[in-house]
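Below, chain A partners chain B and then partners chain C, in two separate complexes.
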Partner chain A sequence: MDKLNIVGKSSFRVDGIDKISGRSIYPQDIKLKEMFHAVTLRSTVPHATFTLNTEKASKMSGVVKIFTAHDVTGKNEHGVLFKDHQVFMDRKINRIGDPLALVVAETLKEAKVAMKEIEVLYNELPGVFCPLEAMNEDAPKIHGDSNIIANMKLEKGTVDFSKCDVVVENTFKVPMVEHAFLQPESAVSYIEDDKLVVISSTQYPHWDRFELSLALGLKEENIKVLNAAVGGAFGGREDITSQIHVALATKTLKKPVKITYGREESFLAHSKRHPMTIRMKIGALKDGKITAMKNEILADSGAYASWAPSVLRKAMTHSTGPYEIENVKVNAKSVYTNNPFTGAMRGFGATQVAVGYEQIIDQLAEELGISTYEIREKNILRIGSKTGTSQTMYNSVPVDRCLEAVKKEMEIIKKKPVNKDMLTGYGIALSIYGTGYGNGFPDVSSNIAKINSDGKIEIFSGFTEVGQGAKTVMAQIASEVFNTSSSNIIINCEDTDKVPDSGTAAASRQTYNTGNAVKKSCEKLKDIILNLAQKELGLNNNIGLEVKDELVYLRTLPSMEITFKDLFSKYKDELSSKGKFVAQTTQMDDLSQGAPYWPYGFNALGVKVEIDPATGRINVVDGVFAQDVGRAINPRLVEGQMDGGFVMGLGYALYEDINLVDGEIKNRKFSSYIIPTAKDMPTLKKIIIEDPEETGPFGAKGIGESVTIPAAPAILNAIYDASKVRFTKLPVTPIEFMKKFGNKYD
Partner chain B sequence: MMKKLNFVVNNRKYSIEVDPRKTLLDVLREDLKLTGTKKGCGSGECGACTVVIDGQNVNSCMVFALDMEGKEVITIEGLAPKSGEIHPIQQAFVDHGAIQCGFCSPGMIMSTSAILEKHEKPTEEQIREGISGNLCRCTGYVKIVDAIQSLAENK
Partner chain C sequence: MNIADVYKAETVKECIKLLAKHKETKIISGGTDLVIKLNEGQIEGISLVDISSIKELNFVKIEGNTIHIGSNSTFSDVLNHKSIFPKSIKGFVEALESVGSPQIRNAGTIGGNICNGSPAADSIPPLIVLGAKLTIISKKRERIVDIEDFFLGKGKVDLGSNELLKSISFDIPNEDSKLNFYKYSYRNALSITLGSVAALIDIQNNIVQDIKIATGGFSAYCIREREMEELMIGKELNEENLNYLLNSAKKIVQKRIETFPNDFKVLKNITIEGALRHVIR
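Now for the complex of A and B:
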């Protein structure tokens, strides 16, 4: 590959100055003239039929209109895979927090006061809150006549544990957790030249436009979605929340309307991470080679399907970890209950199963009497290996390098002094993550690159900056092609009227998919520019023409030059090109064999924990994290993802748990739902492993999901090392620790 | 019943009528249109609304605006010496990659300003303690601590 000038440098964030100066606009910062405010009435029981009486409320001061199911102008439904959500409930309530009505008033206060006056009469139905019970014939049904949303199997080879020398099994339980993005949901809508405009913070503006069009009964071209600044997402902004409600109110009332959720409503409104019960059995030969694995996964999807089949598919296919295992059998089920609904969250099913496979492999090593490194070295995927779905790993599989880097650094960490009053332990974990929607779905990103009248390069693509740095990455890719500073690239990504669809900002697909589309369109545009320059400069061909800083020149005679601006003045309409990228995956067969994702990203993590034996308080005090990135477009952004992913996994391991009582979230505040603070984050040495992926833009892969996966299992392995107690249920709070640890020594 | 409030925000004197039940945060965002200060919870649990009042970092969602009578408030919009300029804390946040989604950043930066006012050269522990009331879900706090440390070193 040619020498890279911009890619690989930690260029400044495109959105940095706006964000540190308070100038970035999130929807809650918007105030329009004559704008109404709306609040959502939500169900307080988990399973019921109901009647509403809005008569008194609608006569209250300031109230403009109260919207219910009758007022939905299109189809009263939405949902990312199945349309099982309703805009407003009309038949049956399926969870606490289901939307029943929207009160629109002149002021927020009036809307809130009036909402209290709506009478709701519930006719409660028996609910089901346990996914196992939900599969019973006689369990209350949430939608249709079965609660089973997906029942998948994977089979490779023949699993026969009698042929193994050592067999280990265990069951792991991972909790429902919350995205806890700092910016609560908010949306504003208004009418502009006969178009309905919706401003929100979303992961996928074009999808929102599609769902809005169905629910409102409007053509997509009559709706414009503007993505404001997004205050974190992590998967929690994929399902529609407030967007249809504001839009419906504006469509009907012909006035601007705004909705902003408070923190507690945010907990109620969006999806959660799937809690799962994961049964694993693994067998190996004496020499440490794993030959068989059998897994069973049961996921609680709550009241709605959201991404359940896709999350489950990812969990199932990733449940063998980054290991080559000849014989595999997996069964995975996802069911409806009357709990809060679950969907996409960082790692998308791959996070949950790693808590199992990375612990059971440590157990296996202990049984075999070999080290946790040795068992991994013997079984990891390498070039030419086949995954559990029999997909061939043909390039960029640096699991060995990640592991090696962590091993070396952990030796140094182990030599550091230990606190004698504490139990000290060390643990490692590896992980695998396959990019994209997968399973043969046409995963498309599009981009248009143009030269504008100032001679600057503009890119137009519907990706989303959720904080991960996508704008900066796309600018760097474009600037590398055009040999100019990334600050000279103008990024357009917010307006569905101006930019083509580039898929969702999820599944670590933006750097890889959209990055490829951006690169392609820029390369085509560069060719166009060279040919036009040749014509203008009167040359025989375009050999030796170069671009630099919005200028074309002849390398052998640099005074022969023409600026992009001059070219624009003559060839305006020709200076535009489209790029499209579709990821290559295949639909798996009935036994889940195939090539469902590409590319795969890997990592290794090592941590040191200290546990106070008197209180059970666990601290992660040191760590090393090696992350495969293919190629780092921007190392500082990569490190930022590694830090942030790690700490989210730390919260998963030690603190976070949605506390449900009969479907009700009891901890809907940051004082009761604890996420890590600055005091919880250890020193974390970060090592970026580069092994360019042939099909990636400049060799890059996405990493946003991958970085969160190894944290919890590495911490749990370290807790075991320190205490000799294996925790199979997350989170390991001080109380949980003391319960098990105390019992052991009492 | 509206009440009169006289206070200084970002070196500018305000004499306004406010609803006595309104928090400082809501008055800043709604009445003064200073939307740089963010609301992440409205109940003193996230720090997104941090402003500096007479040198102290305060969750502006937890104080009534009326209690600001005669006080001096600095928000993210007023941190830089001149409008359009960037304060060294803000610069350090950009230089160290201490921002991702940006929603915690204004509050985090205001807490930093209070830390640096309290401690000549804050230790890492003092820094972590000083921002422990500011939640960030994106960065893992690492680059934020780096940015603040760089400011302490350059002092």
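Now for the complex of A and C:
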């Protein structure tokens, strides 16, 4: 590959100064003239039919209108895969937090006071909160005749454990957890030139526009979605929430309307990570070669489907980990309950199963009497290996390099002094993550590159900057093609009227998919520029013409040059080019064999934990993280993702659990829902492993989700090493640790 | 938020005048607890007396063998004097450092922490074992109360609606003593106390000559644990005696929470045992 000038450099974030100086505009910051304020009335019971009486409330001071299901102007439904959500409930409540009505008033205070005066009469129905019970024939049904949303199987070869020398099995339980993004949901809507404008913080403005058009009964071209700054997302902003309510209110009232959730409402409003029960059985020959694996997965989707089948598919196909196993059988189910609904969250099913496969492989190593490194070295995917779906790994499979890097550093970490008052343990984990929507679904990113009147390069693409650094990465890709500073690239991504659809900021797909589209459109635009320059400079051909800092020059005679600005003045309409990228995946067959995702990213993590034997307090005190990125477009952003992903996995392992009692989240505040703080984070040595992916932009792969997956299993393996207690249920709080350690409190 | 009025006092004199004149008031300084209660509607319709500008109540000084702390000193203000504190009150410093986050320590005051009467207040157990005295003033009189007697129930303290906590004073313990503190919590910052224990111990030749123990989170308010103390005084500090104390301490705590759910009882057993192990040393 040619020498790279911009790609591979840690350029400062395009949105960095605005974010740290407080200049970024979030929907919360927006105030418009004559703007109404809205609050949402939500159900307080998990399963019921109901009646509403809004008469008294609607006469309260300042109240403009109270919206209920009757006021929905289009179809009263929405949902990313199935339309099982309602804008406002009209028949039956399925969970605590279902939206019943929207109070729109002149002031926020008036809206809140009036909401208390709405009378809700519930006729409660029996609820079901356990996914296992939800599959019983006589269980209360949430939607339709069956609570089973998806029932999938995967079969490769023939699983026969009698042929194995060693077999181990275990059942792992991972909890429902919260995305805990810092900025709660907020949206503002208004009318501009007969067009409905909705400002929100979303992961996918074009999808929001589509869902709004159905629910409001408007054409998509009559709606404009503007994406404001987004304060974290992690999958929690994929299902539409507040924006659909303000849009409906503005459409009806023809006035600006704003809504902002507090933290408690945010906990109620958006999806959660699927809790799963994962039963695993794995067998190997004496020499450590794994030959058979059988997994069963049961996921709780809560009251709505959201991405249930897609999350389940990812969990199922990733449940064999980054290992080549000849014989595999998996059964996976996802079911409705009256719990909060679950959906997309960083790792999308692949995070849950890693807690199982990375622990059971350690158990297997112990049974075989070999090291946790050796068992992995013997079974990891390499070039030419086939995954559990029989997909061929043909390039960029640096699992071995990740493992080697961690092994080397862990030897150094193990030589450091230990605290004698503490139990000390070391653990490692590997992970695999397949990028994209997958399974043959058209995963498309579109992009336009243009030269503007100042001679600057402008990129138009509907990706979203959710904090992951997409704006900076796209600018770097464009600037690499045009040999100019990334600060000279103008990125447009917020306005659905101006930019083409580039899909969700999800599935770790933006760098790979949209990055490819940006690169394509820029390369095409560069060709156009060279040809026009040849014409203007009166040359015989375009050989030896180069671009640099928004001008074209002849390498052999640099004084022969023309600026982009001069070209624009003459060829304005020609200086534009489209790029489109569609990822190559195939739909799997009935036994889930096929090539469902591409590319795959890998990593390895090693940690040192200290456990206080008196209290069970567990601290991760040291660690090394090796991450495969294909090629790092921006190394500092990659390291930021590695720290952020790790700390999210740390919370999963040690602190976080949505505490449900009959479908109610009891800890919907940050004082009671415990996430890690900076003081709980170890200094992590980060190693970027580069092994360019042939189909990636400059060889890059996405890493946004991959980075969170190995944290929990590595920590759990280290806890086992320290205490000889195998924890199969997360999180391992000090209390849970003490209950099992020494069996003193059972 | 629903507040009737806000009065701002610049001096102690102004403050006690305002308190005498207006009923149904709450004193506010850092507001780290009160503002949350107001926002959540747990407290409504009252008036606030803002004492955050009263400079004469913001001080830390050592006079002779006694340390005096003004009630309006923030946790950070007190911690800024860390270097002049003797080693024997290390546990008091650790307790203040364990409060919330830098932002909370910059806003919250030691007076507020005491007057809230929370069973989980971090600064109180060390102050109890130090035998701190509270100076309380009203328009009519000034009085001194032992901190141990100040707490009456969960969130209830011996402070009239016309009274203001002025200062906290305690004697520096003798050089042979050390003050240990342990806060049992889920994470390393911004953490609510599951249970905390402070112990002021004098150990000579591995014999516990004297010990004072106070706990937070094991009763309706922070209390001195005399029953636990008596089990250790004069005893050799060994595993057998420590285990006897731990088992007895669990029984003492369990008696107070007989009617609570089982999970809560297990939690308290684990936390009292773990925290005591950390301070009896």
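Note that the second predicted complex is superposed on the first by the 743 of 746 C-alpha atoms of A that agree within 3 Å, B and C clash if a C-alpha of one lies under 4 Å from a C-alpha of the other, contacts with A are read in each partner's own complex, and residues count from 1 in each chain.
As a convention for this text, a contact is a pair of C-beta atoms (placed from the backbone, for glycine too) under 8 Å apart; a residue touches a chain by one contact, two chains touch by 3 or more.
Source: prediction; values computed, not measured.
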item	value
Chain B versus chain C as contact partner of A:A614, first or second or both or neither	second
Which of chain B and chain C A:R23 touches, first, second, both or neither	first
Touching partner for A:I370 - first (chain B), second (chain C), both, neither	neither
Which superposed partner A:I735 touches (first chain B, second chain C, both, neither)	second
Partner chain in contact with A:Y655 - chain B first, chain C second, else both or neither	second
In the superposition, chain B vs chain C on chain A residues touched	B
Chain B versus chain C as contact partner of A:I489, first or second or both or neither	neither
Which of chain B and chain C A:I674 touches, first, second, both or neither	second
Chain B versus chain C as contact partner of A:G640, first or second or both or neither	first
Overlap of chain C and chain B interfaces on chain A (superposed complexes)	671, 677-679
Complex contacts: residues of chain A adjacent to chain C	612, 614-617, 619, 655, 671-672, 674, 676-680, 733-735, 738-739, 745
Chain C to chain A touching residues, read off their complex	101, 184, 186-192, 266-267, 269-271, 273-275, 277-278
Contact footprint of chain B on chain A as seen in their complex	10, 12-13, 15-26, 28-29, 31, 179-184, 229-234, 262-263, 466-469, 636-637, 639-640, 642-648, 669-671, 675, 677-679, 681, 684
List of chain B residues in touch with chain A within their complex	29-30, 33-43, 45-46, 48, 75-77, 80, 86, 90, 93-95, 97, 99-106, 109, 127-129, 131-145
